[in-house]
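Each of the next two complexes has chain A plus one more chain, namely chain B in the first and chain C in the second.
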Partner chain A sequence: MNAPLPASTTYAKSLNAALLEMMREDERIYFLGEDILDPYGGAFKISKGLSSAFPDRVITTPISEAGFTGLATGMALRGLRPIVEIMFGDFLAIAADQIINHMAKFVTMYGRDLEVPVVVRTPMGGGRGYGATHSQSLEKIFLGTPNLTVVAPSHAHDPGQLLRNAVALGRPVLFIEHKMLYPETLLASGGALMIEPLTDEPFPTMLMKNFSRGAADVLIVAYGGMSRLLAPLARQMAEEEINLAIALPALLSPMTVAPLLPLAAQCGRVLLVEEGTTGFDWGAEVAAQLYAATYKTLKAPIARLASRAEIIPTSTAGENAMLVGAADIESKILELLA
Partner chain B sequence: MITLIRLPAVNPNDERGTIIAWLKEAGVKVRKGENICEIETSKATVELTAEADGYLVHLAAPGDSVPVGKPVAAVTETAGEDVAAALKQEESSAEKTGGADERRWTKKAFIVARRTGVDLETLAARNPGKTLTEEDVLAAQSEASGPSVDLTEREFPDSRPERVLLLGGAGGAGAIAIDAMRRGTGKQRPAAILDNNPKAKGMTSMGVPILGPLDMIDELWQQQAFDAAVILFTDDVKERQAHFERLTARGIRFTNLIDPSVQLRSYVRMGVGNVIMANCFFALGVSLGDNNFFASHTVVEHHSTVGSHCAIGPRCTTSGRVQIGDRVRFGMQVAIEPYLKIGSDSVVASGIALTSHVPERTIVKSHAQYTTREA
Partner chain C sequence: MDAKRNDLLTGFYEKMVLINTVESSLLNLFAEGLLRGTVHTCLGQEAIPTGVCAALEPGRDIVCSNHRGHGHFLAFGGEARPLIAEIMGDASGVCRGIGGSQHIQLGNFYSNGILGGMSPVATGMALAEKRKGSGGVVVQFLGDGALAEGVVSEAFNMAALWSLPILFAVESNGFAQSTPTALEHAGKLSARGAPYGIPITELDGNDVLAVHAAAQEAVGAARGAGGPQILFMNTYRLGPHSKGDDPRDPAEIARHAEQAPIPRARAGLDPEWCDTTDHRIAAEVAAIIQGIRSARIAAQ
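Right after this comes the complex of A and B.
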């Protein structure tokens, strides 16, 4: 019974380890946010151990996202490399003015390019029954903001490494973590799944395939927390002989579909999935770019899935009905192939 | 009597917990409600209590990460009781849902059956106990409908002529291509024509079947119904390129189709996918890219180069060392003076004699009229 499980790293531990390492290596890195001191170590334990190891560089703040995000921007202008934790991504709305009108603009608005190396990390997403103001995926509000890089690693990525790359970028980065991914063990090739990077960039697109022979039936493009639905679904679909190529970009904005084009042209059937609410969403931009480049080779209109444009209920049943789920993805795949 | 003690759901953030330490040794007597084990979750460390009086059995070791709901310990009524049976029952009830594969067909088999018109119920009845796959459906289909193309070819692949699939060309280019192969060395033979004109489907050209639209090519490639392809339509050179690149990326081979009357002088080099019709002449040192179409009587003089995906009308003539880019279209009887460069994506109307370079994306309507193409 219960043979010891392999001690693989979880998404949360990967981030925590990267933070500890980075702060050890670089004295310019400061960590700011609410309730981040030990022993509590942050609402999702990503900052666990940080304040014990670096008491002078971990700053626990009052409940004022605008205040401490602005503070971090100032620190960055003066040569430090602050990392901000927004306890729940929903609270980004409070910091939006600081991010859009100050942090991102300072990069180019003073006649010469300035380094503004701030990383704002935050958990997004539902699935935990946290209700309307602690479960949203609000990243779409920030996509397309000039000078702001928006990154959202899936658990097929190494989130710790991507966080390192975000800090190394030297520009404002919004780093989106899906809260349901935190306890997940990072994915690796094995069984029916093959996982490899599709691009060689600081924020790469990972390609997950559930077949080794033949061609993909459907190309799925999704990001962040969607990987936790897609990995088990891909394994299940392998048994049904449905060949899936799943591209998981980590870089949401700025974005190019160029690396996806050969795959999209090859299978001619594309499904875009995201957890944010439908309408003016990430998938709209991806679909528009894909159409422009592949419309002649598509065998079906590009299919899109997002959550219903409603307020997220707290009850599990209500939440499941509103958010995109594995069953929605499966039926969309079969619809595309019908 | 055996009581299994499972990992509790301590908070909604965790699907697993980690065993920190046992507070009671294995085999000792414990009382209901006593703390027996420490478990760490992402929020807190909690104690696990015995749920019955009895003797403690450890089912996990410190450091183990256990999913919520799985047994961590057992308490037995008598000392040394074997818990194996209880655990086995636990496992078999968990397996029940996954049990033997009772599906009659995979979802892919279902989709392919619907596309091809194979009756799955009948096929399943013939194969009791089997989960039908895509392969079974395709086999049943080819059995029912007979070979769709050229499956009468029984010669060993090593020595049989290359079977060339013609893409487009139901309107006429197909016929001259077939004629070229038939008059040729016998090393190539037409396999079939695919054409997007729905009216052409089911007809033949020079006895070669027009099977249907171009997207049937994957299916035919999987059936190994042809060895290589050429593209015959010339009206849209971008489309020529898109098809060529898409199919090449999938591993589909392109060949060169050259009329036996064509003269290729020494040191002529070419890629693949070129179609060269009757009486063309390629002089010494000429270099061609991929996927070009040359209608009859075209002369390309020595050391000239042609890029890829071009469509050249009948009786065009270049002089020596002319450079032609990619996706260029010529009408009939275009003449080009030596050393000139014709930029990619240009179009030159019939009867023009070019005496100066042509920039990229240029439409040459007459000798003096140059207009930039719209994007």
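Right after this comes the complex of A and C.
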């Protein structure tokens, strides 16, 4: 299900290539969203070339996020497989009723399972100075919604393959892409880093290690765009002989920590990192599940890092201070080991 | 009246009495404590589901319904027993008692309890049917109050933009729960789809033959690539909004009762036949409810 990564492609190109391929293979797939037609090809260019190749199945929509998300649900209920692009993840708030009270409900609300094969893709995250309403990581609002699968590939994943798996699932998927990952070359083992899937699932957890001998000093669990901070940090810490095991789950919800337990038990020090604002966050759930399963072997309280619970400033200095950064992660690791 | 018209009217009368009888029985069951949650009945509005659904082709066309959807279900060919069982939360219900009154799906029938929320979903279904070339038309029933929801306007826009085979069937009963239309809508409510270029027919929603004729025309236009259509049907709800209080003046309700669809249809039919029909349907529905109750007691 998860083919080996093609050499040195970017996160954005992987998604774009998967879309082109999927639409070629399956006539039920439609692509909908704002400003997605060529030559523009979407605000982040993920749909470049799609409308030229499939003019009938790529539909540029009015600026009606709730409307076209609901539209996609209706299409899915009637046998098509729409993929929706929400231009900025922040606008998911507008589509929330359609996702929570319609798309996700139809799966089981009628007393039997209905196929609702919709994928809603959207870029989240800061780092580009877009300010408070175009930089958030709002996925935590949707975690735990019954019948809604939330997926967020890091660049240690093959995002295109995960997108294929999302379309194949037959149920609603919220597919979160960190906008800072788009230009990144996908990670592969090499140098100090070893990368391998920890699980063989449609939305696997990838394990990135910066050591080949001995045991991990700290287990870091993070997702999505955090891989952009963690890969260089892991390389740097390899030189400092700090052994990091970094688990990058792609499946945020529903979630189980089962695959992480051997590693967590073995090293006893765990750090959870996410870019969303702190409080009522993904890490809270992961920590709760990990505590319940590993409290006897923990050598330190589970540490958590998230961004400050504030709006995201536009200025570079303000944004850097507010969002979780590599320096925050580094000092937390050192704190755990002290 | 010619024979064909008479045949139509007798069929519609039976359907409307069935809907009315089921709805009244549901209110009684609620009062008895045999129903939980809520129940919105369409007493006094029976002509709209009956006339509109009679213009549809079962198996090909699709109905998207709302919180007040029992009449739509029955008129679209749904059976009374699984509907009543569903609303009673019984596992033998059409959705195993999980959906309840506002969340029902069977074949091409889908309902949901979020006002206006089905407008874009229904529009997407129409897009799918158009692309598949099935010739199917989608009907979305919605109340006058739901027209204030933003997604309804979004759906009107998309349906018109892409010329989709959908009929928005507005049941304008002058109220949203306790709020009269005048307190919540600016401008001319029946003209809501006009800026999008959607043809609108406003009509007396208590005249079942008129509703049927208008629906046939609108569904035909939608099926024939005429794009979305709106029927704006004026009616009046004779029962409470849901199961409880009714803040409206009883004299006003009584005035409207005389103009309700069932007495209006009855005026064109043989009163003796009507009485027999009423009794027969009352007995059938009573037997259904008795059956569900006995099965429940037996299971306990």
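By definition in this document, the second predicted complex is superposed on the first by the 331 of 338 C-alpha atoms of A that agree within 3 Å, B and C clash if a C-alpha of one lies under 4 Å from a C-alpha of the other, contacts with A are read in each partner's own complex, and residues count from 1 in each chain.
As a working rule, a contact is a pair of C-beta atoms (placed from the backbone, for glycine too) under 8 Å apart; a residue touches a chain by one contact, two chains touch by 3 or more.
What you are looking at is a predicted structure, and each value in this text was computed from that prediction instead of being measured.
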Overlay on chain A: chain C relative to chain B, clash or fit: fit
Partner chain(s) touched by A:Pro202 [first = chain B, second = chain C, both, neither]: neither
Partner chain(s) touched by A:Asn101 [first = chain B, second = chain C, both, neither]: second
A:Met75 touches, of chain B and chain C: first, second, both or neither? second
Touched partner set for A:Gly129, first chain B, second chain C, both or neither: first
Which of chain B and chain C A:Gly111 touches, first, second, both or neither: second
Which superposed partner A:Pro62 touches (first chain B, second chain C, both, neither): second
Chain B versus chain C as contact partner of A:Gly170, first or second or both or neither: neither
Superposition-derived minimum Cα distance between chain C and chain B (Å): 28
Residues of chain C that touch chain A when the two form their complex: 62, 93-99, 103-105, 110, 112, 114, 117-129, 131-132, 150-151, 154-155, 157-158, 161-162
Residue ranges of chain A touching chain B (in the complex, touch as defined): 1-2, 4-5, 7, 12, 44-45, 128-129, 179, 182-183, 215, 217, 237, 239-242, 262, 265-266, 268, 296-297, 299, 334, 337-338
List of chain A residues in touch with chain C within their complex: 30, 56, 59, 61-62, 64, 66-80, 82, 97-98, 101-102, 105-106, 108-112, 114
Residues of chain B touching chain A in the complex: 12-16, 42-43, 59-61, 63-66, 70-72, 87, 106-109, 111, 114, 133-134, 215, 218, 239, 242, 245-246, 249-250
